[in-house]
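Pasting a structure here, questions to come.
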């Protein structure tokens, strides 16, 4: 399988390159970078020395490589891939987009949350939301896959079984999520300097984070009715990992055991979700694509608390 | 003012000793330690070298020092101080307890959450909950002060103005709190080894943490009716600091500005609470006794999110 | 290849299990633990959930498994394996010891540095020091392999080319090494609690660390005469990685380019040593068995400074 | 005492403002910032909220404030203060410079190491090197004080007693120093992003760091002859603190006890140097201006290893 990667030198791109470079059936044809054109990938990320010495190319050089690839990966900030993708799709190249441009089905919602008019809205319905636990067969046949955001991966997997079984109040969902600092990317920013982010902790984008509609969209599909979500992200002084603590109100009280059984059944064909009685910790999923999930019931307040952990830098999220 | 400290070599004790040792009007008469009897305090915490070379004594030696002090500080795990305190109170010595034994007013609740019968229940009503923003004048005249837990300090200060103004549904409160690792104390425990706690993140004691009834008790007093609270603590890889993200449902929609004004008015005589439009970060309160608070309103879900930050190792909490 | 592991639940053991569990040609027959007998390995290290659910056995149960294995791995503190190893060697089982018992060739030196009489001194000469860059063919035929310590791996690889070429004063060598905290192991110890080790830095075992004679032994072999070494380890607040900064005085001034060429030639058949003009950083070798090396010449003092980086938790060191 | 600060918003500046703002005898008249003109200091460093709400001014506004101050503090990168200082000195204002411009006595050395011609070389001899342990009385009468660099403070204090007593070979000195990341300043730089600096370790500026001549100059004064120094700095994943591990060869073997006595005697009138048998750790000096020093003798190699620890962000260094 021959692949190209646009946006190869951000943190998400690097992780992707790492996985693809080790994959026995994949050959990397080109790496596109905005900041490091003509530099060897192994000079930017020196862990690749002796392993991947390909030079980065500019996005202007991509057309000449177009014929040579089967799959194009894109890891760019939102608003960038929606102008690039259509020409590849037309050429019959499968596109896997790690950015946000094709995750939402509604161009109105896209404009509302991202502040931009969508440049290729006709592809929104064609795009498949790349969460295998919910859309496995669609993913297999898709020409355009919109990979879930990091927070949505953890949040949707944590809540889908409860909504599928219609056990909770659809307006009661609160997701309090925590992410390592690398999730903020590799751009220069005073707030992500070591001296600023180390030994400190904060919430950000409270009630306004762009992963909110994406989570609501997918959970609404599962529930078959509009679900509302309040989502709060936090920045944690560690490199990688996401923990999502999800709250919702039970329609009728269930025991922890009943709910864990429900979860195990829901994910029985999905080996990368691990349900356990033990509360998850991000260290146990580091460098893997597992999502660990556990839960507790609070009979005093009639709520269920579901906690999930992923490594936000592993393959299925960005 | 002459003081003695029981439990001087835990992290809370150390912070207290640090504050008292620098205080111009305080003389430390004795330091009691369980693990380090006869060792110089400055050999245990070497930052005290050249500053405080007092040797630790055993708790058995305290009686002979009793006459010499005006105030006794106790920083022990729950269940320990309730047998020690009465004799000091009888002698007219003011006691400030950093542990949990005198925080709850109800011995039934104490038994329910701590699994122990209270050894001096008659003192529960005499004890004053040591949060100056709520009980300033009582604290000034109290003979027994039960200092708030670290999580309750951040949580109660974050929510009191909303409950005082009866603006929120009393059954809608969810507190998602995050604490640095030192909050777990200095006891040997595999989970708090550097190699285990660094670069990882977890929730613990979900729906069962002992700070829950303490928060509910104080918020109920403010609300003048029983308030229910769901409280979830998390362990964060940093030394010190607590951030509490508090969710509740507004009875009627208010703007962020209106609510910030309400908060500023509520705390106008309390200089150690700083209300701001900017979301708090724990680094800005480090080594201080400030509690920084901000909030956001989510009109989509009709909720208010209040975020507060404290340094859990500063003087007023443990 | 069927293998057993004694000492499977320490940090070094865990890393070994991780590598073996992923190895397509290896089957793990048993895991011995002192602290976790009868517990599933995946309950101790939860990253192994769904991957390795074997229960740990006691060392007393090992004899009944002896016939079933080809290779025994031992990851125990010094002084433990020297009584266990002989019986396996006699049975024709290949032993790879991650501990210190068979690294030194001299039982006198062993007693001097470890304070113990060696229990199987006759095996000391049979044992091969498991550093492939120096002893590749011996390792292939050895029945007992003594894996190098973590600091010696970084230090010996950094200095061997200079000594092989006899370019430096054999009494001028100073190694200033820095290690992440996990190198100190998983035993309970106040000094390795998060609250103690985080945000701090120290030297330890100055002039007395047990890796000193091991480094001197191997460098002396390369130099073909006794080399003296001063070795100073430091504890760094990070999980894994070692950086060794090595100083020695040049007999005649050489340029950085000349010395880098010498290094490249020395390691040309050893793909896991990467020589570069760029100074190494531990992050670039994380989760790999690369040793990155660079150097600088100081013409003012006639010294060469060689810096090497390894991941102390990867396969070839402990 | 009325003071002004130029370069108030870097990390060194912030620490200085913190100390001055708490000082009962100091009034801060102005804060100059390049990046934050007209912004309130408490909006840049929010720990100052409710404590210091002064707005930053531009350097162009300084002349109008000149008459109002007794002391000017400057915390700027090298090359900046040498053009600013003369006019203040002429006006009789005492200047304390945290930067490097007046530390070296020789303009030739300044050009050699900093690559610039000195703009006010006539002030180099007038300037006093601001290390109280060596130049206390000169500091008291100086009009221009050049505060030592962070590494030199730790290194010079560690080695001065040995050189003063002429106990070591003047060409044998190697200083291997380690610094927290904040020492690298608050400028935007990929290398100091959290995701790059966390969980990693590196040496930098090997054999070329600009603190080398400053250390050599001061040690040579103490020794009364030219001393050569090899200095290697390292970047450590923690916020603050410096540890210097200093090696030198003894002329005649001395015991650890003899040398510790020598050190205690040398520093007997200097309360901020603490000599101890215990090896220093940076955590014990955090937020203080102590320099903790201990040492070990290695009779095998005839060397003495001196280890010192400071908080590089406390008042006397930058």
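A, B, C and D label the chains in the order they appear, each numbered from 1.
Throughout what follows, contacts are C-beta pairs under 8 Å (C-beta built on N, C-alpha and C of every residue); 3 or more make two chains touch, one makes a residue touch a chain.
Owing to the predicted nature of the structure, the values given are computational and were not obtained by experimental measurement.
Tell me which chains count as touching both chain C and chain D.
Joint contacts, listed by label: A, B.
Compare the CA centroid of chain C with every other chain's and tell me the farthest one.
B
Starting from the mean Cα coordinates of chain B and chain D, work out the distance between those two points in Å.
Here chain B and chain D have centroids separated by 38 Å.
Taking the mean of the C-alpha atoms as each chain's centre, how many Å separate chain B from chain C?
45
Can you list the residues of chain D that touch 2 or more other chains?
Only 196, 198-199, 237-239, 281, 283, 286 qualify.
Across the complex, what residues on chain B touch chain C?
Residue list for chain B touching chain C: 11, 181-182, 184, 186, 188-190, 192-199, 237-239.
Taking the complex as given, what residues does chain B use to touch chain A?
Touching chain A: residues 171, 174, 176, 178, 180, 196, 198-204, 206-208, 228-230, 232, 234, 236-241, 243, 245, 247, 279-283, 286, 296-298, 300-301, 303, 305, 307, 309 of chain B.
Residues of chain A touching chain C in their complex?
45-47, 49-50, 199, 271, 274, 276, 278, 281, 283-288, 290, 292
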